[in-house]
Amino acid sequence: MNSFGNIFRLTDFGESHGTAIGGVIDGMPAGVEVDLDFIQQQLDRRRPGQSDIVTPRKESDKVKILSGVFEGKTTGTPIGFMIENENHHSADYSEIAKAYRPSHADYTYDCKYGFRDYRGGGRSSARETAVRVVGGAFAQLALKKLGIDIYAYTSKIGTIGIENDKLNYSTDEIESNAVRCPNTEKAEQMYRLVKDLKAEGDSVGGVVTCVIKGVPAGLGEPVFDKYNARLAYAMMGINAAKGFEIGMGFEGAEKRGTETIDNFYNYNGEVATRTNNSGGIQGGISNGMDIYFRVAFKPVATLLKDVETIDQSHNDIVLKARGRHDPCVAPRAVPVVEAMAAMVTFDLLLQNRCSKL
Amino acid sequence: MNSFGNIFRLTDFGESHGTAIGGVIDGMPAGVEVDLDFIQQQLDRRRPGQSDIVTPRKESDKVKILSGVFEGKTTGTPIGFMIENENHHSADYSEIAKAYRPSHADYTYDCKYGFRDYRGGGRSSARETAVRVVGGAFAQLALKKLGIDIYAYTSKIGTIGIENDKLNYSTDEIESNAVRCPNTEKAEQMYRLVKDLKAEGDSVGGVVTCVIKGVPAGLGEPVFDKYNARLAYAMMGINAAKGFEIGMGFEGAEKRGTETIDNFYNYNGEVATRTNNSGGIQGGISNGMDIYFRVAFKPVATLLKDVETIDQSHNDIVLKARGRHDPCVAPRAVPVVEAMAAMVTFDLLLQNRCSKL
Amino acid sequence: MNSFGNIFRLTDFGESHGTAIGGVIDGMPAGVEVDLDFIQQQLDRRRPGQSDIVTPRKESDKVKILSGVFEGKTTGTPIGFMIENENHHSADYSEIAKAYRPSHADYTYDCKYGFRDYRGGGRSSARETAVRVVGGAFAQLALKKLGIDIYAYTSKIGTIGIENDKLNYSTDEIESNAVRCPNTEKAEQMYRLVKDLKAEGDSVGGVVTCVIKGVPAGLGEPVFDKYNARLAYAMMGINAAKGFEIGMGFEGAEKRGTETIDNFYNYNGEVATRTNNSGGIQGGISNGMDIYFRVAFKPVATLLKDVETIDQSHNDIVLKARGRHDPCVAPRAVPVVEAMAAMVTFDLLLQNRCSKL
Amino acid sequence: MNSFGNIFRLTDFGESHGTAIGGVIDGMPAGVEVDLDFIQQQLDRRRPGQSDIVTPRKESDKVKILSGVFEGKTTGTPIGFMIENENHHSADYSEIAKAYRPSHADYTYDCKYGFRDYRGGGRSSARETAVRVVGGAFAQLALKKLGIDIYAYTSKIGTIGIENDKLNYSTDEIESNAVRCPNTEKAEQMYRLVKDLKAEGDSVGGVVTCVIKGVPAGLGEPVFDKYNARLAYAMMGINAAKGFEIGMGFEGAEKRGTETIDNFYNYNGEVATRTNNSGGIQGGISNGMDIYFRVAFKPVATLLKDVETIDQSHNDIVLKARGRHDPCVAPRAVPVVEAMAAMVTFDLLLQNRCSKL
C-alpha cells in the first residue's frame, strides 16, 4: 500500500510523467504554523537541476497545498497537496516502452501488474520522493517545536568516506558543497569523482548518515515496531537503498560485549551513557542519546552507455545510451533521508502519548 | 503495536517470566495441512539449552494450538497458540528490579511506561522470538506448497566469516554444527571462539545470511512497502539486530553502475539476470532470482562480569556478575530470521493476489 | 483517520471552501478500463443545483485524475484525483466564524482541534461526499465486470414511504424524478412535501434503501468485519445518517424465530433461501441472495430561520436566517450510499481472494 | 481480520468447541490497576446458564491472564488471555456436520473457506463474544478512572418495549431481573414471554439500549471514523444484530429540522443542548451530552423444532429438533454491547490525544 505511518500518515500518489505527484498527510495535529518557505527549501534540496553533478531534468517542484491549512495553521484535518509535473510531454518512449532496462523496475512492474506506465519509470521513478519530502517537512515543523532536530549528510561516495565520523555538523557545513558532505576535503574529492563519472556516463554508490538529536527517552515500541525497525523500513523504501545500519552496525558484529556495552552514568542529574554504540536506541526504544544511522545507496542503474538486455518478448536487445542521468544519488537523497526519519520519529512520538493513562 | 503483517498477521504477547508467551495468527488461508512436527522442530532450533554454547535456561518450548485448526487443517479463522513459561519462578530479582543494566531495555522501558516487568527482561527478552518462530512456521507450511524455500545460516562470528559466500547450502550442511555455519572449517573456528568467550563471560557479535528461493517475479509493493523494506523492518525488529543489507549492500555503495547492473537475458525462455547484485529485488519487487540478505547482530549485553551502571534513583552502582548468558546470538537467531522472512514473503504473496482484477 | 477500506482504500481530503477536495484510491487492481463518463455521471447525481429541490450552490464538480491511469486503464498504482472548489470566495463568514450553529459540527470541531476552518462547514460539510462518489465509482467499474450491481433509492421522506417495498427497480425508474423514488405516486407526494418545506426554510428527514445484486456467497469476514458491520460503518459515516438496518432490521426484533428463519432449498441446483429476512448475509458473510439495507437520515440542521444558540464565548445569541439550504438530504445521498456500498463490497471481494490457499 | 480498534486493539481467536477462546489486548496503557473481580463479573453476566431463560450450556467462563499484567497493574505490553472451553467433548456432530442450518453461518462459511469447524457453530458461535467482554472490561477499567460510565439494558423484547424511555437507570435497576430491563413492569412481561417461547422451542428478537455518560466533548474523527460510525460497526459485528440507531434514529427520519435541532445554551458556564436528538454526537464528534443508541437483535435461528433445509450436497432434508437453545439473545447481549461501546470509546479517547500538538 502507498501509505506510510500509523498516526501521522502520508499517502502518496503519482508517476514521473503523469499530471502530478502528490499526497495526503493524515494525523497532523491542529494548530501548527505552516512555514511554506521551509517546505519549499527542503524540496529544492531534492530537486533535479540544482547543481552540475545531478540530473538536469527541468522541474521547479512547487508544492500546492489543497486542504488542511487555514489562516496559516494546520487544522488537524488531512493536508492534500500536489506538485505538478512540468516536464511530462518531452520524450519519445517508443523504445523504452518495450525494453526491460537492467536493474530497473520495468520487468518487475510488468510481472506484478501485467502493465505499466513506462514514461520515465512511471511510479518507480525517484521523482516520487518529492512527495515524501513534503510529508517529512510537515513532521519536521512539529518536531522543531518539540526541540527535535534531524540532519543528514553524504558520508561516503565510492570509496571516499569520512573517517572517524564525529557525527556533529551544522547545516551550513553540510550545505557548503554540492555533494552535501560536511568534511570539505572529502567533499572536494567526492565532487571530482562524481563529475568525472558523469562525463563518462557512469554512476557510483554512496552512503548517507543521519543524526536525530533531542529525542526524549522512551520513544519506540517493543517487539516489531522498534524505533530502529521503523527507521530501517523507512530508509530501505527509498529508491536505490541497499543497506541500513544503526549505531555500531555491521562493525559491531565483529566485536565483543565488553568492548561495546554502553555504561550508564549520572551526568549532572541526567541519565547518560559513556559511549553510544547503541546509536541512541536500546530494546527498540530511545534512551535520550543521539540517534544515528547510515543508509547505503547503490550506483543508479541509468547509465549513458549502451546496455545489453531483453525486451517484453524476451528477445536479446542492446539499449542505446540516451537522455540524462544522475551519477550519484546520495546528495539528493539527503533531504529524503531526513524526511523519512522525521515522519518515523513524529509518528512514534504521537503514538507514545498513549503509553500511559 | 505488537502485530506484524497486513493480510497474514501475527499478534504477539508475553513476557519472559510471565505465565506464557503466545500469539494469534490471522489471515492464514483455510485448508493447509498443519505439520506440528515441523513447527516444533523450528522451535527446537531456537530453544535455549540446545548445545553447550548457548544459554542453559531450561525450557521445553512446547507449543499448544488453541484454535483455528480442525481435523489437521487450518480453517481460515485465527490460530491462537501459547508456549508456557516453565522456568518462571526460579530467580531472585530484588537487585535487578532497580538496576538499569547497560545496553538493555530496563531504562528505556521505564521511560516509556513508567513501570516494567523486570523479571528476566520481561517483554524485551529474546524469549519472545519463539512466538515469531511459530508464526513463521505456519507461513513456511504455506510457502512450501507453493515451491518457495527459505533458509538462513551464520555467515560470520566476530571477524571469522565465510569469504566469497556461494549462498547455496543444504539444511544438512547448516545444521551439521552448533553455530549453524555451513562452511565446516569456519564453523569449527567460530565454535572455539564462542566457547572461549563463554568461559570468559564475554560475548561476540555475528552475521546471519538468509536466502529465499523460488519466489515468483512480481512480489512486493512499490514505494513504501518494497519487499526489501519489509524485510529490513522484519529483521531490525529482532532483538540485537544492528544492520541489514540486501544483495551487494554496503559494498555496492563503493562501486560503479557499470560494475553492478544486472543484465537481463533469455535463459531457456525464462527471464534471468547474468549477475544478481540486486539480491533478487528491483524497484522493491521480486524479479524471480534468488533473494539474499544479511543481518548484523551485536554482541549481547548480558555478560558474566561486573558492570558499572546506575539504578532507578540514578545512583552509580556496580552490578555483580550472575546467572547465565548466551555468548553469541547468531546460531539461535537463524530460525528467527527464517521465520520473519517467511512471514514477509507470504504476506506479500497474499497481497499480490489483489494486484490484477 | 481519513482512509476507508483495507485493500481497496480511499484516503479523502478537503474542506468545503478550500482550494480543492480530493483523494487517493489505493489498491485498485491494474488493467480496469476507466469510464470517465460513468464517474462524472455519478458525481452529477450528487451535485448541488441539479434540481429545484436541492441547494442551489454552483459547483460543476468536475473530477481531475492526477495519476494511476495510463492509456485509459488503471495501472495498479494509486489514483490521485481532485475536484476544485469553484464557489469558495463568495461569502462573508464573520458571523458564522464565532457562532456554534445548533446540530452542526462547529462546537465539536472546536473542542477537538481548538480551531476550525469555519467557511461553509469546512471539513464537516457534506461537500466531502463527492470524494466518496469518485472512490465508489472506481469500485463500481470493477464490480460491474464481475457482475455485481448496486443501486439505491429514496424509500421514505418524512412519513411518506413505500409500503411493502419490492426492492427490485431499474435505474430509469429511480432517476425518473427529482427525489429518486421509484414509486411514482409516492415520489410525487415526496416532491411536493420537500418543495413546500424549502419554501418554509424548513427541512425533513428521509430513508434511503440500497440493494446489492450478484454478490457471490462467501464475502465478509467473521466476527468484527462482518459484511453487515462494514456496511453499517460505511453508512453511518455519511453526514446526517442516524440509523442503519439490514434485512428485517428493527422490525425483526419484534418477531419470532419461526416467523423469520430463511429456509434453504435447492433451486435448480443452486442454493437459495425461500425468504430473505437475513438481507443476504448470514454470520456476517454473503449467502448469494440479494443484499438490502436502509439508512435513516435526519432533517438537515441548516434552516432558513432564525435559531437560538451560543457563540465561542458561550454567550446566548440568535443566528439570523441566511444563505441557501438543502431541505432533504435523501435524494442527493442516493449516489453516496451506492458509492460506500461499492467500496465495502469490492474491498471484501479482494480480501476474499486470500481466504483459501 | 479478527482485530478491533486502532490504538486500543483487541485481537480475538477461538471456536465454540475448540480448546479455548481468547485474545490479545494491544495498546492498553501502563499503570492501570486490574480489577479481576470486575472482569469476571462482566463475563458472568454474559455466561450461559445464568438464569432459567437462557441456554443451559455449562461453562464457568473463567478468564486466565497470560501476560501484560505485573504486580496487579497493566505494563503497557500486550495482555494475552484465554477462557478454556469446558464443554467441548459432549456432542455428536455427525448430522450437523453436513447440514446447512437455516439462518446460520454453516453454508456461508463453507462458501468462504471450503471447510469449517462445525462443532457448535465453530467460529460463528456467539461464544466468541466472551472474548469481547474481556477486552471491553479492560477498556472500562480505564474509562472509569476518567469518569466515563457505560451501561446497557434490554429496552424491548418482541413487541413489549419501554415507552418514552428516560435513559437514566442504575445498574441495580438493570440487574434486578433476568431480562435486564430496568422497567420492572415491562421486565415481568418480557420474562413471561421468553419463558413461554422457551417452552415452545421458539425464539424472539429484542432491542438493547446503551448509554455512555461523561464523555468529554471532542471525541470522534471527522468523515469515516465518526464516533457513531465506529459504534455502528462495533454493534453490527455482534452476532444476531440487524439494526443500529443513534439519538432520534429512524424516528428522526420522519421529522422536520425545526422539530429536531438541538439548540445550544449556556448551562452554568458549560455548553449544553436543550434537547438531545443528536444522541450526544454532532458531525461524528461527541458534544459532551449523553450518548445513547439502540441495537436490534433478531430472534436467534436455533429453534427446538424440526426445520426444512438442505445438506452439503444440496439435498432437501429435515433437521430434527435437538439440544438446547437461547430463546432471546438480548439479556446476554447487554454486557457485550457495553464491552463494544467501551472499546470504541477508549480507542477514540486515546486517538484524540494526538489531535493537538
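Per-chain residue numbering starts at 1, and chain names A, B, C and D are given in the order in which the chains are listed.
Here is the rule we use: a residue touches a chain if its C-beta (ideal position, glycine included) is under 8 Å from a C-beta of that chain, and two chains touch if they have at least 3 such contacts.
Predicted model, so just to flag it, every value in this text is computed and none were measured.
Among the other chains, B has the CA centre that is most remote from the centre of subunit C. Across B-C and B-D, it is B-D that has more C-beta pairs touching. Put simply, the C-alpha centre of subunit A and that of subunit B have 26 angstrom between them. In terms of their C-alpha centroids, the spacing between subunit B and subunit C amounts to 46 Å.
Centroid to centroid, with C-alpha atoms defining each point, subunit B and subunit D lie 39 Å apart. The residues of subunit D that reach two or more other chains are 1-3, 12, 27, 30-31, 76-77, 112-114, 123, 222, 355-356, listed in rising order. Contacts from subunit C toward subunit D in the complex involve residues 1-4, 6, 12, 100, 102-105, 107-109, 111-114, 123-124, 128, 156, 158-159, 197, 202-207, 216-226, 228-237, 239, 241-250, 252-266, 269, 271, 273, 277-279, 281-288, 296-303, 305, 307-310, 314-316, 352, 355-356. If you check the complex, the residues on subunit D that touch subunit B are 1-3, 9, 11-15, 18-24, 26-27, 30-31, 64-68, 70, 73, 75-80, 82, 112-117, 122-123.
Looking at the complex, you find that subunit B touches subunit C at residues 7, 27, 29-32, 76-77, 142, 145-146, 222, 350-351, 353-357.
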